[in-house]
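Input: a single structure, listed below in structure tokens.
Should a chain be cited, it is by its letter among A, B, C and D, assigned in written order, with residues numbered from 1 in that chain.
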Amino acid sequence: MEIIMAFVCGFLFMAAIYLILSRSLLRIIIGTGLLSHGAHLLIITMGGFGGNNPPVLADGVTEYVDPLPQALILTAIVISFGVTAFFLVLAYRSYQELKTDDMTQMKGSEDHE
Amino acid sequence: MKVNNVILQFTAKIVFFIIFFFAVHIFFAGHYTPGGGFVGGLVTASAIVLLVIAFDLNTVHKLLPINYIYVVAIGLILALGTAAISMFVEQPFFTHFFDYFYLPLFGKTSLHTAALFDLGVYLVVVGVTMTIIQTIGDDE
Amino acid sequence: MLQILCLFIPIIAAFFMPFFFKKIRNVHTGWFVLLVPLFLVIYYTTFIPVISKGETIIEQLNWIPSLGISFVSYIDGLSLLFSLLISGIGALVVLYSIFYLNRKKEQLHNFYIYLLIFMSAMLGVVQSDNMITLYLFWELTSISSFLLIGYWFNRDKSRFGALKSMMITVAGGMLMLGGFVLLSLMGGTFSIRALIEQAPQLATNDLFIIALILILLGAFTKSAQFPFYIWLPDAMEAPTPVSAYLHSATMVKAGIYLVARFTPVFALSEAWIWLVAGIGLLTLFWGSFFALKQTDLKGILAFSTVSQLGLIMSLLGVSAIAYHVDGAEDTVFKYAAFAAIFHLINHATFKGSLFMIAGIVDHETGTRDIRKLGGLMSLMPVSFTVALIGSFSMAGLPPFNGFLSKEMFLTAMLSVTEFDLFNFSTWAPLFPIVAWIASVFTFIYSFYFVFKTFTGKLNVDQLPTKPHEAPIGMLISPVILAGLVVTIFFIPNIVTDTFVKPAVVAIQPFLYTSPNDVNIHVSAWHGPTPELFMTIGIVIVGLLLFLTLSKWQKLYSILPERFTLNRLYDITINELLGSWMTRFSKLYMTGSIRKYLGYMFTAIPLIVIGTLIVKNAFSVTFEGSSPIHLYAVILIVVLVIGTLTTVFARSRITSIIALGSVGYTVSLFFVIFNAPDLALTQLVIETISVALFLMAFYHLPKFSKVEERTRFKFGRAFISIAVGVMVTLVALSSHSQKFIESISNYYKETVYTEAGGGNIVNVILVDYRGFDTLFEIAVLAIAGISIFAMIKLRLSRKEKNYESK
Amino acid sequence: MNNFLLLPIIIPFFFAMILMFGQKNLKYQRITTILGLIISIICAFALLFNVKENGPQTLTLGSWPAPFGITMVSDMLSALLVLTTLVIAFFIVWYGFGSIGKERERFFYYPGVMFILTGVNGAFTTGDIFNMFVFFEVLLMASYLLIVLGGEKSQLRESIKYILVNVISSALFVITVAYLYSVVGTLNMADISVKIAEINQPGIVTVIAVLFLLVFGMKAAIFPLYFWLPNAYAAPPIPVLALFGALLTKVGVYAIMRTYTLFFTHDLAFTHELLLVLAILTIIAGSIGALAHFDVKQIIIYNIVIAVGVILFGVAQMNEAALEGAVFYLVHDMIIKAALFMLIGIVIYITGTTNLRQMGGLMKNYPALGWFYLIAALGLAGVPPLSGFIGKLLIIQGGFEAGNTWSSIFILASSLVVLLSVIRIFIYAFWGEQGQVSNNINKTTYNIMFYPTVLLVFISILYGVGTEFVVPFIDDAAKLLSDPSIYTDAVLKGGN
């Protein structure tokens, strides 16, 4: 299972980077969304899926899944939620000011001179 | 449309309280079963969003005249404060204290400083979500 | 303590200059400054009796003792001679400057601050025994020289001349520091004396030669040797007192000092002899040859200085030969070091006076252009006399001191022909030949300088101001120097016994132990030797060529300007390190984040996968993997479809919803993988995120129809595949190489008993790793206030010009 | 156990919270911020001396034993960096009173600064690799707030790029931590160090080491990951730029320094050689940029890149001299970069332009500014006895010791490029004929900007001249970096 998931994560990263390299800001932000999904799935994969029970104490159960990666993912999910929200509002504001969502039109002037 | 709105608003009020209590439940469940301050906070926020959809931002603001940024700050202070208590009793930062009590009605209950910390998380989440929704809402 | 303190006295005095300048307006600030070098001259004179006996005096002030860095004032024959030159010429120059610079028009405090800083720095260079503090003072001389050249900072020539001198000398200095550090690593000390003691062992080190070259680069840049001399002519933009002081008498001799000081360390290296002597000779010739091309009085003197520095340098190089000759102290090989030091003193006297005269001419006529000058002899008789003395001395004519040292120079160069180590016999004849040719040119430009200015036709109309003799105050210093030029000729042995011999001991400790051992007697007449015939030849040929100068001077203009070293410098600084860089940088710094990300994501997988291959770290094992769930396979299919939809969707709603579906799939994955908390959180968050997406993008336009260029699309696909492959490969390898079991058993064991909870994940979040959570909500809080501020605060409308550029 | 070491992190954190109240009350905002900074600085000083006296201090949060809970570790390196960070922030905030503008001050500029300090100090102090990620996010999120605050067009445009790069680097950071966790099964940095030593750094750990280098390198702006930096940094107003320039890249540098001296020390021939090559390429890339521009902001910004290369070159040598030099240089660079940005901020304020070619002759009316600029510039180039010298000296000494003769000479030569690029500003802006001058220069504003700048330059001078007093501290830091067991023992054996 872990091996298959490694491929899935790689696939998510691939799609994410592909989207991030596109011109439309929306696509880019969607890319970052995929990126965090990929990262979260990868963390849980790296923890391993051994153990057949959720890490919640229950009578007669001793085989819990590794809880630590789950805790890390929770932290990471919250953080990426904050960042995504910020990024979305930023996109919204920049569209108001710059009238474009096309990255090729957001080069700005490298102040070469 | 008017009638519809009235029905919607009435329903929304009721559903709001149901969701809110559900959120409180999730919040308290967190230490033993899935749930916790974070999810509880998000669910509470969605309850408020429901109100916003049913009424509008201004009405909700009159209903709940809260500066959500203050909620965020208070949540943070609560979380930090809980974590810092232990510093004053010569224990490492973030040392929690708990004990089991037998309360009428609830039975065996644990009183845990971690719950206070989780309350901080809860407040921050509610505060932030509402800040975002309110500012974007205002802008439109 | 006084000895160390004296190094800093000028700098301390500098602090008071603004006070003197601003509060005591009716006295020229220079008078206060003058006290400093005067005091120093007197102070250092008291050392003469002790030092001329061959003793040395040392005093130390710790700076960073834990790293072995301290200020050490080490006074021996060499450093005392230089110290006296610095303070003595310093006093004369300050005196001269009082009349040269107008106290009402000039920012005198600045001028004197720089000058005093320089004085300290220069004393520090010649007295420091610790190489690091030597370097400190060394750079300080470059900086004060930079400030002095740029004194009239609104003139373009001044500031670019200043930059040029700084860049070249600081470059040399920095490389020299590298040499010092290498030496210190070989010898385990920063002390030069300690290094000299272990010179033979040092030479066996592989890095010895690198240290040697680096240190020589420092010396050559500072002493304006070929090809680094180009900064010196441009340094003439400084006020003339500065040219006289820094750029002829003292600072440029720091390189000479350095070579002299390090001769005992490096003398046994063949490369040292070749480099120092060879570059010295080349510079000698080059400088004298191009001096005649100059039309600016100070330009002639600058090239002449370059040439004379080359002369001294070559002598020092030759002096190292003495190390390789048995019994050198009794043969002709003994002369070189002696001649070097002797000429150094003489050069300071005659060149100092000539610079001052050039300043006087400039001051009184308003121009230094030799083509406009002429016939000033009758109007400025004193100046003319001084100029004549200086020039004749420079040309190597008796009865002036230059004659004596020039003769010895020729002796030393002839001695090289007798040296037969290191294949010297092949090239040795070149030494006296080049020396002779250069001397001829020296003779010509000396005459050129004095006679073109003071004789011939006076053309008052061409001169900006009406010429007359300089005020008496301005003449004092050059007259004193000219007086020395003559005096030294008549009492050479007193001078050499007092100053030269102790210095020679410092340069050639392998030959002598005390100044009395130096068995050289200077006399103006030593019979019909080859040197004498050479001198006669110089005079005859020189006179002939000088008289026909107007006929062949044009030849210089044939030399194409494009290939000069100056042009090379300009290209380097302005084009290579300027506009070319701009153009080059423009190629890739386009402001396009997609390009930047493209570079970054080409590099990252390349490096990581490369490492994976090189380190043979890839491995896959199915051992320890958990079984494959059927549900999971279905979810994977859904996930892949969802992801592909986000990639290829044509409308934004589709892609947002597809992203949502990916998110929900992920939360279902969490269910399968026994992570209920994650599933719950992911579910709620995904819902809110989708809502936010929809809300924020309500206003955005549809995807633009413009297609990517195929080339970019291809590159994009390639890059993203590389990243995906990288992630997968490392994931597989990491999964397959779990070397150490996770720490998480601890949580399972203690969660109920010690943390009082049942949901391990949540207890980790609020307790074991509650600190993470505390700051995770901080991130959320900041996001909240950022969004608030971003929406509410809009400065774009009153955007300031310079912020948006 | 020493709760005290948390104070430089949680005091700014607490003040950030209370600054979220009273948003529009300028006086309250300013006084509270300054108060918070002063208290933090005092604590940081006390902590520094505590660490000097008693060795590395550790705190296992929540009383959980070392590898299981989160451990905070204040060793000499982190104590020094924490103190430097706070001191610099103090001066930048003071400077900001004159230049950041009231609107920004009313919209969470100060909480932003305090949060960024929380994140930076946390990242310097944490002893847990995932916790470091969290602190990185704190400082990044706060930096997003500061970079976009004001919402000017260029700010919005560059913020998008800045955030995008950082989102990606954060994702890579997280997965790299996950890889490492998979291999060694722990997150505590001391524990990681011990366990990697136990298994003798197999190939996969080296791969992870390289990933860490790239992840942190993206933040530290090393070649070939620095491209995002120049434009992004130029967008926000000067105080924010100074804060970013002085602190943010340095956190990345610190992280590389930490991981490459604590974790990945068993395959130096590969990891540190790679670091060396990248460091040199970074210097080259920075130099090209610094010379290519005639825009004062860009020149100094590219100098950040050069400095990062120099410090990492020191780290790559992995001997005590070079590490000591790297620490020296790191602290120096933080101070001097802040000072330089503040100085050119004043120049921009006076002239109303960032274009060097339009400036000139400032020396006439602003001589003091000119002198302090010159001192700062020379300090940056490493002219003794100013602050940059000792660091560079020790770095090249270490380079020579490690046998990297030519690259060490290259480092020396690079100082020259630094010097040329900053002296150009002096020659064009301060010398020459009178250039463009802004027509609304307020003397009070000028003074508010000038005094903190001058004091900071003075601090940098003291740092150079008073090196002897700094040496014992830096020496401790370098010892610890060259011998990981001091760190791991302090954490795992509680050996305070």
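Operating definition for what follows: a contact is a pair of C-beta atoms (placed from the backbone, for glycine too) under 8 Å apart; a residue touches a chain by one contact, two chains touch by 3 or more.
Here is each chain with its UniProt name: A = Multisubunit sodium/proton antiporter MrpC subunit; B = Multisubunit sodium/proton antiporter MrpB subunit; C = Multisubunit sodium/proton antiporter MrpA subunit; D = Multisubunit sodium/proton antiporter MrpD subunit.
Quick caveat, the model's predicted, so the values are computed rather than measured.
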Intersection of contact partners for subunit A and subunit C: B, D
Chain at the geometric heart of the assembly (C-alpha centres): D
Comparison of B-C and B-D (more C-beta pairs in contact): B-C
Interchain centroid distance [CA atoms averaged], subunit B/subunit D, Å: 38
Euclidean distance of C-alpha centroids - subunit B vs subunit C, Å: 64
Approximate Å spacing (C-alpha centroids) for the pair subunit A, subunit D: 27
Contacts with 2+ other chains: residues of subunit A: 9, 20, 25, 38, 42, 45-48, 54, 56-57, 68, 72, 74-75, 78-79, 82-83, 85-86, 89-93, 97, 103, 106, 108, 110-113
Contacts with 2+ other chains: residues of subunit C: 582, 585-586, 589, 591, 593, 597, 676-677, 681, 685, 688, 692, 696, 727, 731, 734-735, 738, 742-744, 747, 758-759, 765, 767-773, 776-788, 790-792, 794, 796, 805
Two or more partner chains touched - positions in subunit B: 32-34, 38, 69, 72-73, 76, 80, 93-94, 96, 128, 132, 136
Graph class of chain-chain contacts, one of line, ring, star, complete, other: complete
Touch list for subunit B against partner subunit C, complex: 30-39, 42-43, 45-46, 68-69, 72-73, 75-76, 79-80, 83, 93-94, 96, 98-100, 110, 112, 114, 117-118, 120-121, 124-125, 127-129, 131-132, 135-136, 138-139
Touching residues on subunit C, where the partner in the complex is subunit D: 62-67, 132-133, 135-136, 139, 143, 150, 153-154, 156, 158-160, 162-163, 166-167, 170-171, 174-175, 177-178, 181-182, 184-185, 207, 210, 214, 573, 577-578, 581-582, 584-586, 588-589, 591, 593, 595-597, 599-600, 603-604, 607-608, 611-612, 614-617, 619, 727, 730-731, 733-735, 737-744, 746-747, 767-772, 775-776, 778-779, 781-783, 785-786, 788-790, 792-796, 799, 801-805
Complex interface listing, subunit D residues touching subunit B: 1, 3, 6, 10, 13-14, 17-18, 20-21, 23, 59-63
Subunit D - residues contacting subunit C, complex: 13, 20, 61-62, 64, 67-70, 101, 103-104, 106-108, 111-112, 115, 118-119, 122, 130-131, 134-135, 137-138, 141-142, 144-145, 148-154, 156, 160-161, 164-165, 168, 172, 175, 178-188, 191, 195, 198-199, 202-204, 206-208, 210-211, 214, 218, 224-225, 227-228, 230-231, 237, 267, 270, 274, 288-289, 291-293, 295, 348, 352-355, 361, 363-364, 378, 381, 383-385, 389-390, 393-394, 396-397, 400-401, 405, 408-409, 412-413, 415-417, 419-420, 423, 427, 430-434, 467-468, 471-472, 475
Residue ranges of subunit A touching subunit B (in the complex, touch as defined): 54, 56-57, 74, 78, 82, 85, 89, 92
